[in-house]
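Please find the structures below.
Next come two complexes built around chain A: one with chain B, the other with chain C.
After this line comes the complex of A and B, so read on.
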């Protein structure tokens, strides 16, 4: 057990940096979860519209009422720059200014350029607000034709436009939505955090073990190479287990959830991904890069995989071509399993088994690649020694 | 002596081939992945396109058909309509081929399988059709039947009530900010070279530091030469990064390209000086300092929107001071300002903020590393 103990000692010496990584990445994870959860609720229900009423007449107030129904009306922002930023980052969807003289022009039967509006993206939100405004103008005009005076037409339009169409939500029986949305969002971002923490912590320790002097000493000792590898793998697995368990337990505690039923599949899914992170660290360390390079590689692997596989950007938004490339990465299958459990795509036992199975296969492939690299390097080294 | 040290610092940086290679490879690989992942997201999902919808007519009346036809016609049609029966409509809905089913059973109602902006628009369309019916029925009730055709024409009129006074953007694609943040991240990764400058001048951190402290060269001379050498190397990396993104991946950053290069080089210098400052604090080991530096960098990158594009907008609402002090946000904002604003007022503010950071980090780094003689460590 010397190798096992020595490796744990090295890991212990790296503990202060590990704590920094865990705490800060945990913070990032929590922020991601909170932000994403809010975003989902907001996106589905309301638009944020800046409204400035310079006319302040019954007609202008009627249109403000129409716009504010089911949406969030925001008071004018401090500056034009603030509005531009808000429109770009979509914290505001649309801005409407009702100019002076709006009521007079509307009463006179004008329908063109009645309001000054701002938006940056020709988005669905923009189309929705413009449709709403158009609907008001049309309805007001119709009531005026029917002989109502201006204030009556405004009031009647307002009443008529207050009636929403009935919407029925259909769900397949297999698509029971999960009630643990925030926990699932936390788990959606977990691959990034797990990869960062595991690679940043495990690689430097493994690199120390691969240093020439230590390897020479190990080679000339009585430890068999198989035993050496097994001890290294066991110590790494133990370390990964502790990290994974920390995130799983604290994640549940912070989201106020107890794991039951299908949530155990979420836990199993994350365990497989953590193990993949571990074997990836073992594989990278075989090439003994410097610590600085490991840091860059970590960011490259974690950010690259997470962007491509739908961790940061929802898989439903990504093109079919991108997703077919992403299928060659384990994070894609991790996210797919989560989407099934969350009810975003139809749940099937076969689909879950396939997702978990493919991740397990990735682990096996990387273990074999690591062993192969290790063997070829040692064989090459032995050969070089013989030749010398 | 300064030039001599500067020359050797540049040689040293160039000989760290592995690090240089990864620093170059980093934006190339991530930029390519970003391009693959976000290349068509904006045009396919954010920009308005006809909403696919199934229409099921169980009542047999054709009252609404004219309205639907009008909504589904033309290049800028609101709807892309499939007339079908109930069973097939549900299949299309669950397969994601339509966003909703409009059912006409005398009145109109909507069936959807999820919530979202497209479904909200469909609800708006159905409400509009129902509204027309209400108004027409009111006209009949009021005995205004002769006006019926005029009322219908008024309700169906395509009005352009909104006068667009929107701010102009060279490139309104919101996903381009991921590339701004990628450049900012590469700049902040330069902090690792700055960290190396600081630790390689401290006798208790590296053998090179011990030799430098032992030599008769004044500390300020070798420190400033090393810092300048790292800044030059980082500046070159930044130029290559922007060149690759702009000319190979053809990312439209918007704004004046020369100023983008200038801002990128300056951000690289900011990254190096940040690393130099962190490296000069205390007597912690290089590993711990680099862990602090990297994890803090990632938090700053997250707050700037590298992982979630809308975080900067949310922070602008809830805690705008974070965006104002976060160096990564300042860097990405400088590119954003060039894209969004035709005048350079805000861009200059960002550049000045970067310059202040560079000055403060350099001065603090020098102050913290001075008087640390070999004997005092």
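After this line comes the complex of A and C, so read on.
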């Protein structure tokens, strides 16, 4: 078990670089869980608005009524300085003065600069008030055109604009997310972090063992190549297992979930993907690239695969062309299995088995490719001896 | 008669059109320090790689410890220690861990391995550095670690492929002394180098290689006796009339003279009092001269005479 032990020691020395990824992912995971919980609480925002009605007509009173619905109307302040201070310290959000002659101008069909307004910050709230005033002016104008007198037009405009719009969000966001759903979100982003952590740690460690001189010294020894390869594979599998288990356990803890029923399929799905990351690392390291190339390949594989296969962008939003290409990558099947479990697409045992099976097939293919490369690179030389 | 440890018979290795080993044969007996001497590209490393079954060859036979050497000769391989020119250690492991790892590829028993590792650390004098990482070691200490990794399992046959390249003189002497000590303790050693002084210093038998062929083999005295030159006399002299030079050239055993305007070189073949006779001619002609020195032939002279090229000037 010399190779196994030495390899674990090498992995240990590479661990600090992986810790950064893991900690960041857990922080983001925690943040996501908290954010998701808050996202479902909706509350109406009320603005504090100073309203001064100098016109005191049915039209001006109607506009005061509209503003007061859903907002807090504050009586005029003593001086202009007080108002400026109040706006500055945000004890007041908006100030409206209805000047004398407002009703006359409105009746005459004017629409511009009918009111004097003051505010400091441009925000959705101030825009909302201005929109409300604009709506009143237009609605009032429309009723007047229909032949209503000023009082009737004011009253009808007031009634029309007093009705709250019914807001219905036609997505899954309407319902409060269950713990299982936040867990699925956690697992949906897992491929990226798994690939980063596995490739960034496993590849450099494997490359150390594959260095020409180290390999030469090993080949000179009495150790059999199969034993050597098996020890390397076992140590790699152990490392992948520990990393994967950490994510599975922390994922459950962060989301307050106990794995039961279909959630075990999520766990199995992630295990297969972690193993794929491992065999990919084994394959890449066979070519003993430099550390820079490993970093480049890590980003290419992790980011590329995750963007293409629906880890970062929902598969339902992706084009058919992209998805047909993505089908040749294991992350696509990983996400597809998750979507089935999450109910985004119809669940079927066959579909799940296919998704998991294809990922397993990717693992087998890369193991075979790695073994083939090892054989051609190291063991093949002397075996090709010709007997003259 | 001592048993044969390594037997290479009629070995041919080609890289495309290039013939790296051309019907190369060799026999090394137990207890020898056998030197493979030759310029870069002469085929020394190729020979070693073929011997270790790390490289396929086109023709020939190789036997180690009386058995045919193949890639699956694990028992034979476990009795061989290899120290290459490049330092092959793992930067992520400490000195002790490195030696333990490479020793562990041969010695599975933990207690025995610990004994071997302790011995190897002591042998190369790395006791004070056993917890250091290789990157913290100086070049000389790194070479010693490289050697320790190759010998910790106490092999019967040790192959050293240019282990002193880019090593300071102090470390080089220590390495050479170490090799001799290993040999005294019973190991057979194959030592390849293009430094003739080293080979001359430690090897009991030497094969000179050039362009993939063995051009000469024997003890250093046997090799030197193969060539015409047995003594080179050099005299610093500013003026040398042609008649005096001719008289020197006509002395017994003198077969060549060379004069470059201030230095006369006289090459002799055999004879015992060549220097006295040459100086006698100069005194008779009443010519003044400066420093005088007499040199016995080196392996470089042997190489020069056999191949027509100086060892260190040879190109790959």
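Methods note: the second predicted complex is superposed on the first by the 224 of 388 C-alpha atoms of A that agree within 3 Å, B and C clash if a C-alpha of one lies under 4 Å from a C-alpha of the other, contacts with A are read in each partner's own complex, and residues count from 1 in each chain.
We take it that contacts are C-beta pairs under 8 Å (C-beta built on N, C-alpha and C of every residue); 3 or more make two chains touch, one makes a residue touch a chain.
Every value quoted in this text rests on a predicted model; they were computed, and no experiment measured them.
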Partner, of chain C and chain B, that touches more residues belonging to chain A: B
Which superposed partner A:223 touches (first chain B, second chain C, both, neither): second
Contacts of A:2 with chain B and chain C, given as first, second, both or neither: second
Partner chain in contact with A:293 - chain B first, chain C second, else both or neither: first
Which superposed partner A:78 touches (first chain B, second chain C, both, neither): neither
Partner chain in contact with A:135 - chain B first, chain C second, else both or neither: first
Which of chain B and chain C A:213 touches, first, second, both or neither: second
Overlap of the chain B and chain C footprints on chain A, listed as residue numbers: 14
Chain A-facing residues of chain B, complex: 18-19, 22-23, 25-26, 29-30, 33-34, 36-41, 44-48, 78, 90, 93-94, 101, 108-121, 123-128, 130-131, 134-135, 138-139, 142, 144, 147, 150-151, 154-167, 169, 172, 174, 185, 189, 192, 196, 287-288, 290-292, 294-296, 298-299, 302, 306-314, 316-317, 336, 340-341, 346
Complex interface listing, chain A residues touching chain C: 2-3, 5-6, 9-10, 13-14, 205, 208, 211, 213-214, 216-224, 379, 381-386, 388
Residues of chain C touching chain A in the complex: 12, 52-60, 70-71, 74-75, 77-78, 80, 82, 84, 86-93, 97, 100-102, 104-106, 149-150
Residue numbers on chain A that touch chain B, as the complex places them: 14, 16-18, 20-21, 24-25, 27-28, 31-32, 35-36, 39, 43-45, 47, 80-91, 96-97, 111-128, 130-135, 137-139, 141-143, 145-147, 160-161, 163-172, 192, 196, 200, 204, 289-293, 295-297, 299-300, 303-304, 306-308, 312-313, 317-319, 322, 325
